[in-house]
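Below: one structure in structure tokens.
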Amino acid sequence: MIKVGIIGATGYAGAEIVRLLQGHPEAEVVWYGSRSYIDEKYSSIYGNLFKLIDAKCMDDNMDKLSDEVDVIFTATPQGLCASLVNETILNKVKIIDLSADFRLKDVSVYEKWYKIEHKAPEFIKEAVYGLCEINRDKIKNARLIANPGCYTTCSILTAYPLIKEGLIEPDTLIVDALSGVSGAGRGAKVANLYCEVNESCKPYGVATHRHTPEIEEQLGYAAGKEMVINFTPHLVPMNRGILATEYATLVKKDGKLPNESDIRAAYEKYYKDEYFIRLLDEGVYPETRWVECSNYVDIGFKIDERTGRIIMMGAIDNLVKGAAGQAVQNMNIAFGLKESMGLEIVPCFP
Amino acid sequence: MIKVGIIGATGYAGAEIVRLLQGHPEAEVVWYGSRSYIDEKYSSIYGNLFKLIDAKCMDDNMDKLSDEVDVIFTATPQGLCASLVNETILNKVKIIDLSADFRLKDVSVYEKWYKIEHKAPEFIKEAVYGLCEINRDKIKNARLIANPGCYTTCSILTAYPLIKEGLIEPDTLIVDALSGVSGAGRGAKVANLYCEVNESCKPYGVATHRHTPEIEEQLGYAAGKEMVINFTPHLVPMNRGILATEYATLVKKDGKLPNESDIRAAYEKYYKDEYFIRLLDEGVYPETRWVECSNYVDIGFKIDERTGRIIMMGAIDNLVKGAAGQAVQNMNIAFGLKESMGLEIVPCFP
Amino acid sequence: MIKVGIIGATGYAGAEIVRLLQGHPEAEVVWYGSRSYIDEKYSSIYGNLFKLIDAKCMDDNMDKLSDEVDVIFTATPQGLCASLVNETILNKVKIIDLSADFRLKDVSVYEKWYKIEHKAPEFIKEAVYGLCEINRDKIKNARLIANPGCYTTCSILTAYPLIKEGLIEPDTLIVDALSGVSGAGRGAKVANLYCEVNESCKPYGVATHRHTPEIEEQLGYAAGKEMVINFTPHLVPMNRGILATEYATLVKKDGKLPNESDIRAAYEKYYKDEYFIRLLDEGVYPETRWVECSNYVDIGFKIDERTGRIIMMGAIDNLVKGAAGQAVQNMNIAFGLKESMGLEIVPCFP
Amino acid sequence: MIKVGIIGATGYAGAEIVRLLQGHPEAEVVWYGSRSYIDEKYSSIYGNLFKLIDAKCMDDNMDKLSDEVDVIFTATPQGLCASLVNETILNKVKIIDLSADFRLKDVSVYEKWYKIEHKAPEFIKEAVYGLCEINRDKIKNARLIANPGCYTTCSILTAYPLIKEGLIEPDTLIVDALSGVSGAGRGAKVANLYCEVNESCKPYGVATHRHTPEIEEQLGYAAGKEMVINFTPHLVPMNRGILATEYATLVKKDGKLPNESDIRAAYEKYYKDEYFIRLLDEGVYPETRWVECSNYVDIGFKIDERTGRIIMMGAIDNLVKGAAGQAVQNMNIAFGLKESMGLEIVPCFP
């Protein structure tokens, strides 16, 4: 039985790890770290777990925690994991960090977009970017896994095969994305109050959102060159879900656009054996409701011959494949378990 | 492996049975009956099941179906199950009927409240009312199980111990209940369009809702006498969930009102070993979010010494404990399986 | 032109006064008091007013303010108005207080339910309870108007004629009410975050909600005796709206229950000339969507002969008739204007 | 007093015309045409108008209607207006058609995208495209006004000045748009049921949506050449609102990208005196909540120097500026009234 500690267990992502591990046969949470709720019963904060979890919240002492568990999930604000991690700890446990601290390989890019100093740049090189479907082999032996962002997971997986196969022009990529409100976290902010969000939608972080360089770096590896893209996130009134609609100019071969089966073949090449990726039938496009509460990534596309562009669309549950689910998937890989263990959840609709 | 057939598999309750049985180790659906969608792929209607279910929808021929399965769930409009059932079929399979056809013992009450003629009154006596926590023993050997209504499950379980123990005056009981929109089904009606329901709430079926006699009959058994109650359902803008707020006058003993521990003892007496019932701590009241997607029933209460009344509150997920989940629970009991099999689902929040 | 000052102009109720007075021909806001946002442009907080209001937020100095305006609306937390008001100010301006400070005539009841000391008990006697349809005459000459609570406005108006006419037993009254989330205000609290409220409903303040004594006091005047009632508010996921469902035992005359036309006659007697009260047709019940953004009160009822009870139902927009709209209505009455001025708004649907 | 007839008065757009004209001092509805509800009271369908409108629904006989009114609004499915209109009628009344029948100048484009035969191509040339801010002069004398689509109004107005001034490359324009559910109309379709739409978002009509050629035609006039664009609409769970996020490559001048003030100057040039257009401050982007229930168009933009693109964003209320409000604005222009008459509505928030 893998012993799990969570730092940030009372945020939405942390709570989703808790929910998922309740159904995991080989892992159990033994440390519910939450600085704000120390000594309070976990189930008094998350009533869905009443009668299921009796434990109380603990502090976020990573040194002590690393003696008691096999893996630590840090579901905390940017900067915290980097300020806590050290060689001694990494020799004892694996760390799966849900923050952005170890996602970007270039520390100056991190500091520019996040506007904070990086406290542990010495671990950046070692850290593995935990996008499971792309980096599976590296994850197996990683001590420090940088769990990808929610928007980035969806955005990258939706475009990856077409970039890798040279079917689209990398620099024409535009990612327009919608997110449910849980992505904003559980902090008490006026902007996230029910009445401020309900019955409205809005763009935010336009041309400045911090998931931009993460998408650019990872897709740049696939393209074999540096990329710059436009990424515009929008907040929409729903609890969960991310939908990415991505536009790119198709690369002609012999003067002809790739067709439906060319594109489908590229997706199949990379994803046909992937448990969590569902390539939708022709004419069917992703909807967030079909992946809710699950670790699935639904992908569809449409070629527009009039403009020579392709529209790629992907949907995930931001708290599952976009955060906690992928974190558990990373744990499964890193501990040699069946990758889908505890994650074979049927999406819940309606 | 129990072979399951569903008639009405594309309604919300039917689809929830499908979702739940995907995770059930001892049962599998082999017949997705849906008159409206014959020969269409089930997953083209419920995209959450894409890649998980490959089957097509079938007709609702119960004779034929009864040769192929061990149990039939009828998740159909009132009257259909009664029009299809017969002795031959019941000798081959068990039927768990999610409609109201066999819930009321008095056929004239059925015909008065439902305004349709009962087509199979000869089976009413045999049918077992499938409120698992109350009727477990009778369910074990039943051929025909009348799965309770959503409002009724919640209303009855919330008040049952206090009526049974004589702690409240039966005829003072008032049930005021709220329901999410999935309770109205998947029929294409203007009244259930998004814009008609969103940003509003309304009472309906005031003093005429058909779950009224069902609550009265079952609680009447507990009271040991006929009861009449007020029941007012309201529609609120959310997908799932029922919340019942119930009022009754407390019975004084020796001139004194029962206190918190008297009431708690009564609930404990009946529910302390019930897996799916969670009696909340003092001062904590049910919220539908804490039971969403699960089979739990959350119950809380408050004594008001000023008025001498008690306010009892219960919450369920109308599609799970209020329909499909209880139906699967009934199947588990009737087939001698562990009662919670396939239903040990952690509520999904947010 | 009446000059208006608002203290608490950036809360939801304050902002609604601003919205309503934008369309009022005889009043204009000249002071947008908001301690938290001093010197910020009002329209940077409420973007709906961009290009319509250029003013900046000011402090809440009531002494200074009372020299510059004719009327002050205090849309502030309990206790603030009482701590600011004095004879000098009341000699210069009228005050319409949207908090509870002057609603209850018995200061000990106030202090018991609100758990704060009353800072200006000397003005309680003078203050007029501003439920316009009931207290119109007293409001005309009032200096200090206690604007009623949202739940109370709806609850009282729905039951008032039947209590006044002796058609129902006062002590059997149970008020079960639903509210949209704007009633909880614009404070940054976890409990009011989108994801905490959406897709759920819950009771709160069970048997302890502070609108209880306000309803009891006012309906007690109608009954001619002290009353105790049960009042249970619920939070439902919508921005605006209150729906009250009220139960009471009908008083028999000569052994017979009052009938539909007896009840209708009672409502007509008090409300037939009321601009803002709409008594619905038989069999039609209130829905909050039909009053949204307006000052209307919709009322319907149903006699249940089986139980001898009546179910009375009322709906209002909590921010309009439940707060800002009634405050403007009070201003209109107190300044001798047409009572509906600026309030003849068609409800906005969907 | 202008006498108004509405054909399709019980759809959402028709009902919104009714709501708006209730507050219009110079126009009154005298004919509530609704084939589905003939002889039913209008307020029994739209309860918000109870006590305000006593009229019953009438048929859609345009010949008869044209004798009784000065202007007819057709808020009907595609094809109906074209099948009813004729010279005799147009000699008696003005027609403002909210369907697409007369929006496109090329009948073959209409027939290709709408897949129906055009029944009155002889009036296409005469019809004026009623985008008020662009075509004001032509609207003044028009007999037949083609009221623009909801997405198109928002999409065109957001990009128009930059295309007109040559600041962006026309063929790089990508319009990604979000819409509330009222845009789908009031038809009883499963796809628009509450539970199907709530807690989800989805793209639809990808590369095939019928507002595409309308945007292309109108922006093509501004560009001075034919344009092809990508347009992707998405359905999001809210009642009202359209948000368009538009991407285009900026045109360099002397090797330099236009800057914030260049762009702002272009918007100001066309919109600075427009009552209904609000150009937001730098760094502020449109949100649908700020325009709800009103006729405003909020516009913001962001230059991305990294990619050389601009992101333009616009928000409207789809039922007001996107349908009924613009129709009333067109009526005001066509009848020589003040253009904003009856439309000076403060957006309602929350």
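Lettered A, B, C and D in written order, each chain numbered from 1.
Criterion: a contact is a pair of C-beta atoms (placed from the backbone, for glycine too) under 8 Å apart; a residue touches a chain by one contact, two chains touch by 3 or more.
Since the structure is predicted, the reported quantities are computational estimates derived from the model, not experimental observations.
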Fill in the blank from the handout: Shared touch partners for subunit C + subunit D come out as A, B
Completion exercise
Of B-C and A-B, the pair with more C-beta contacts is B-C
Problem - Whole-Å gap between the CA centroids of subunit B and subunit D - result: 46
Problem - Centroid spacing, where centroids are CA-atom means, of subunit A and subunit B in whole angstrom - result: 37
Fill in the blank from the handout: Check: subunit C positions touching at least 2 other chains come out as 12, 182, 195-196, 198-199, 237-240, 287, 289, 292, 350
Handout entry: Complex contact set, residues of subunit A against subunit C
Key = 12, 181-182, 186, 188-190, 192-199, 237-239
Exercise for the section: Could you pull out which subunit A residues touch subunit D in their complex? Expected result: 171, 174, 176, 178, 180, 195-196, 198-204, 206-207, 228-230, 232, 234, 236-241, 243, 245, 247, 285-290, 292, 302-304, 306-307, 309, 311, 313, 350
Exercise for the section: Would you mind writing out the residues of subunit D in touch with subunit C in their complex? Expected result: 12, 15, 19, 22-23, 46-52, 182, 199, 239-240, 278, 280, 284, 287, 289-294, 298, 344-350
